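I've put the structures underneath this note.
You will see chain A twice below: alongside chain B first, and alongside chain C after that.
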Partner chain A sequence: MYRSQQLALKYLTAAIALFGIMTIAGLMSAYYYINPNFLFGILNFNIAKILHIDTMIIWLLMGFMGAIYWFLPEEFGRDLVGIKLAEILFYVFCAAVAVVAVVFIVVQHGGSNEMALWFINQGRKYVEAPRWAAVGVVVVMAVFAYNVLGTAYATRKISGITAVLMIDLVPLLVLYLDAFPALSNMSADLFWWWWLVHLWVEATWEVLIGCIMAWTLMQLLGTSRRIVELWLYIEVALVLGTGILGLGHHYFWIGTPGYWLTIGGLFSALEPLPLLGMVIHAIYDAGTHHMKTTNRPAFYWMLAEAFGNFLGGGVWGFMFTLPQVNLYAHGTQWTVSHGHFAFWGAYACAVLSVMYLVIQKLRGLAQVDGRLWKWSFAALNIGVLGMVGALLVAGFAQAFVERAIGGSTHEAYLMGQANPWFVESMITRFIFGIMFAAGYVALVWDFLTIGKRRLVLAAAEAAE
Partner chain B sequence: MHLDDPAFWRAGAISTVAVMSVALIMLTVNSLAAIRPGGSHVPHYTVINEHIDYKFDADRGEDVPVIGGSEPLFGKTVDAAQAKALIGKGKMVIQSRACIDCHTFFGNGAYYAPDLTKAWLDPGWKTWEAITGAKTKEEAMVRFLMFPEKYRISERRMPNLGLTRQEAEATVAYLKWMSAVDTNGFPPNFGHMQAKR
Partner chain C sequence: MTEIGLLQSALLLGLYVALAGGYGFAYTLARIHNAIALHRTSFVLYGLHGLTAIAIVVWTPLQIGWKGLIIASSVAFLAIPPVTWRFLQLTHETEVQG
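Our next item is the complex of A and B:
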């Protein structure tokens, strides 16, 4: 095994641990809605929410990095340049994440000065990590880019997939620099913040995961490089062709000119297209292979990714990015429903697919299957669907009661939050959250044990 | 043209990304001019010296901010530099206390607490003057922001985030300025129901 792949294992392990912390913080965030006195004045909603969304970003990022560190040496036929530095930075990265989490929980916030932003909390959604930690993320990403670009330069072996990956790393790094400013003007602040959030999540991350899924397809189904590269280019063209100006759907109400309503509405409506293409292709792949594969969990998680990305990102996004709908749906639990479904479908499922693929190679398994993965697959996906459905109903109630009827005031907000449809949806969401957490436990147990029991049996039989 | 040739789609991907990126840059230049303080959609920070309203505009078919008439905040007119410093301070309060991880601003944030886009214009502050014993809306807001845990309006409360008087005043100034931003009619129907009552 390459050193880079050993590093990949560390990143994937850290990712799965952070996935657990994200789940706990998510359950807490959901519980505040049911019992607002929970930890009041000790650990308020905003801190649990920050832990939930920031660990979500970090575990997915670590999952991507782990996947790429796993596949790249096989692609290049050698270990990565600068791997020693990357190994050291892994520990620095983990330590930084731990320190930031402790500061969030213990210190929580500082005064209204630059020091607070540098060392405690930046207070911008998704990029709350203090600036020193954001600098750390930049350094980690820069070394990651150096590993990829340096190895490509050293080997002079650049495939279509690695070329796309290398180009994608540039905006991935540059856009993150937007994690630092504290502009007084909220309109300008949100304008640039969306460059970071949207162009990361709905553009560069989509391309990144496209590269990862291309390698996964080649290993899992033996799809030819020519075909995966062809589809990767199509995906890049469609995802970025619609996603770059799809940014406009975040510019409807932040103080930007009215033309964004037309531009954002149009391009957002087109955004599901590449995701629909992925679904069609997944069904085609599944059909041509008669659903037969040596790694069923990886295959099913890959299918879940295609469907989840299309439904959660595409359909759910399309449903409320039409300006006429968004005027009432924006800033309600409708958004939360979309966010959960999209992140889960587009990214989490893909990372889990890669993890099963890695386990197969790691343990030298000819066949990966069993019962436990099915339980975790079902609990996690039904958990997500239940949460997403409940949040959607809550969002409908808010759009109707708070926005359309109530007129969006403080009183209308309270009316919306007290509406039975909203209250019951929050309870339902929490119950499905518990199911999701159970699925996570089963997933981790499966990761730890899958294939091992069979290996032990085989060894015992051989000994006899 | 060969649709099954990766090179064709590679060229397509490169040209699509290039065209879209150029379009985004052009729109960004235009938008940044509109959203600078004093631009077509975002008011100068000194708007905190004026009366702000949010009314239905029949031509545009949506609610728009209406600015006019002197209404100094805390009874004190500020110049451009003072207003800029006050708004800057307000934003630092909002970031350092991670307000956006409970509230929403222009609908962006965490949904656990009310949207603050037009909070300054909320008809509910009249009641809050009585609750807090304040003579003005801005004073009621300051008293609430400094000791929110004292005022229980629903089961969900706002925690005390240790705001000083100066920080609370800066936050109120920020909310007043923000309410004058032209948000293309978001939020819709704001306060119309209360007005009818």
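Our next item is the complex of A and C:
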């Protein structure tokens, strides 16, 4: 095994651990809606929510890096340039994440000064990590870019997938620099902040996951390189074509010029079209292989990715992306429902698919299957569906009672929060959150044990 | 927009995309299994999608431009499954021949 692949295993292990912390913090955040006094004065809602959304970003990022560190040496036929530096930075990255989490939990907030921005909390959603940690992320991403570009240069071996990946590294790195400014004009600050949040997620991450899925398809179904590269180009072009200016749907009500209503609405409305193409592609692949594969969990998680992306991004997003509806729905639990579903479908399912693929290679399994993965697959996906369904109903109640009827006053806000549809939806969300957590436990147990029993039996037979 | 109009519009828009997805799903399955019943199902789903598009145009208070976009998207949704299918076949066929 290449050293890069050993590093990949570390990244994937860290990712799955952070996935667990994200789940616990998410359950806590959900419980505050049922019992607002929970841990009051000790660990308030805002901190649990920060932990939930920040670990979501970090576990997915580590999952992507793990997947790329796994596939790249096979792609280049050698270990990566600068792998020692990447190994060191992995531990620095993990330590930084731990320190930031401890500061969030123990210190929680500082004053309105530079010191707080540098060492406690930047106060910007998704990039709350203090500046020193944000600098650390830039360094990690720079080394990651060096590993990829340096190896490509050393081998002079650039495939279509690695070419797309290398181009994507530029915006991946440059857009993260948006994590640093602290503009006093709220509109200007949000304008640039969305470049980081939306363009990272709906542009650069989409390309990263496209590359990862291309390698996964080649290994999982034996699809030829020529086909996956052709479809990678088409799908990346379509997703970027609609996704980049789809950024406009975040600019609707933050003080930007009115033309963003048209641009954002138009390009967001086009976003479901390529997602439908991806669903058809996934069904085609599944059908032509008669649902037969040597790694069923990886295959099913890949299918879940295509459907989850279409439902979470396409159907859920289209419900409220047009400005006239968005005026009432923006920032309610409706948005939260869409965010959960889209992140789960587009990214989490894909990372889990890669993890099963890596386990197969790692343990040398001819066939990966069993019962536990089905339980975890069902519990995680039903958990997500239940949560996003409940959040959607809560969002309807907020948009209807608080915004449309109440006119967004403070009193209307309180009425919306007290509405039985909202209250019961929050309880339902928590119950499905518990189901999701159970699915996570089953998933981890499956990762630890799948195929091992068969290996032990094979070893015993060989010994006899 | 009225309070009820808000929820009606949002639900119709969601249904509109979901039915387009259902049509694409059934169409692709029909082609894989060469099943006439699935083919018919796919066109029933597209018919329902078209009816939803008409309902959006007639009943929702969306501006005229967005209604035009809904109709144009419906045409695109109709074409995506057969075009994607044909292209997938073409790429895979040339692969086998190659």
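Observations
In the analysis below, the second predicted complex is superposed on the first by the 464 of 464 C-alpha atoms of A that agree within 3 Å, B and C clash if a C-alpha of one lies under 4 Å from a C-alpha of the other, contacts with A are read in each partner's own complex, and residues count from 1 in each chain.
In the analysis below, a contact is a pair of C-beta atoms (placed from the backbone, for glycine too) under 8 Å apart; a residue touches a chain by one contact, two chains touch by 3 or more.
Note that this is a predicted model, so its numbers are computed, not measured.
Partners chain B and chain C, once the complexes are superposed on chain A, both fit on it without clashing.
By the document's definition of touching, of the two partners only chain C reaches A:276; chain B does not.
Touched residues of chain A were counted for both chain B and chain C, and B has more of them.
Of the two partner chains, chain B is the only one that A:191 touches; chain C does not reach it.
Residue contacts after overlaying the shared chain place A:20 against neither chain B nor chain C. By the touch criterion defined above, A:284 lies against chain C but remains apart from chain B after alignment on the C-alpha atoms of chain A.
Contacts of A:40 after superposition on the shared chain: chain B is touched, whereas chain C is not. By the touch criterion stated above, A:266 is placed in contact with chain C alone, chain B being left untouched.
After overlaying the two complexes on the shared chain, residue contacts for A:405 are found with chain B and with chain C alike. Of the two partner chains, chain C is the only one touched by A:325; chain B is not. After the chain A superposition, the centres of chain B and chain C are separated by 90° when viewed from the C-alpha centre of chain A, nearest 10.
Of the two partner chains, chain C is the only one that A:316 touches; chain B does not reach it. Measuring only between alpha carbons, the smallest separation of chain B from chain C in this overlay is 6 Å.
Common to the chain B-facing and chain C-facing surfaces of chain A are residues 226, 230, 328, 404-405. Contact residues on chain A toward chain C in their complex (touch as defined above): 224, 226-227, 230-231, 262, 265-266, 269-270, 272-273, 276-277, 279-281, 283-284, 287-288, 310-311, 314-316, 318-320, 322, 324-325, 328-329, 396, 399-400, 404-405. Only residues 32-33, 36-37, 40-41, 44-47, 49-50, 109-114, 116-117, 120-125, 128, 160, 182-191, 226, 229-230, 233-234, 236-237, 240-241, 244-245, 247-248, 250-261, 263, 327-328, 330-333, 335-336, 403-414, 417-418 of chain A touch chain B when the two sit together in their complex. Of all residues in chain B, those touching chain A in their complex are 4-6, 9-10, 12-13, 16-17, 20-21, 23-24, 27-28, 30-32, 34-37, 40-42, 45, 84, 87-102, 104-112, 114-115, 117-119, 122-124, 149, 153-157, 159-162, 167, 170, 178, 181-194.
By the touch criterion stated above, chain C contacts chain A in their complex at residues 1-3, 6-7, 9-11, 13-14, 16-18, 20-21, 24-25, 27-29, 32-33, 61-63, 65-66, 69, 73, 76-77, 80-81, 84-85, 88, 91-92, 95, 98.
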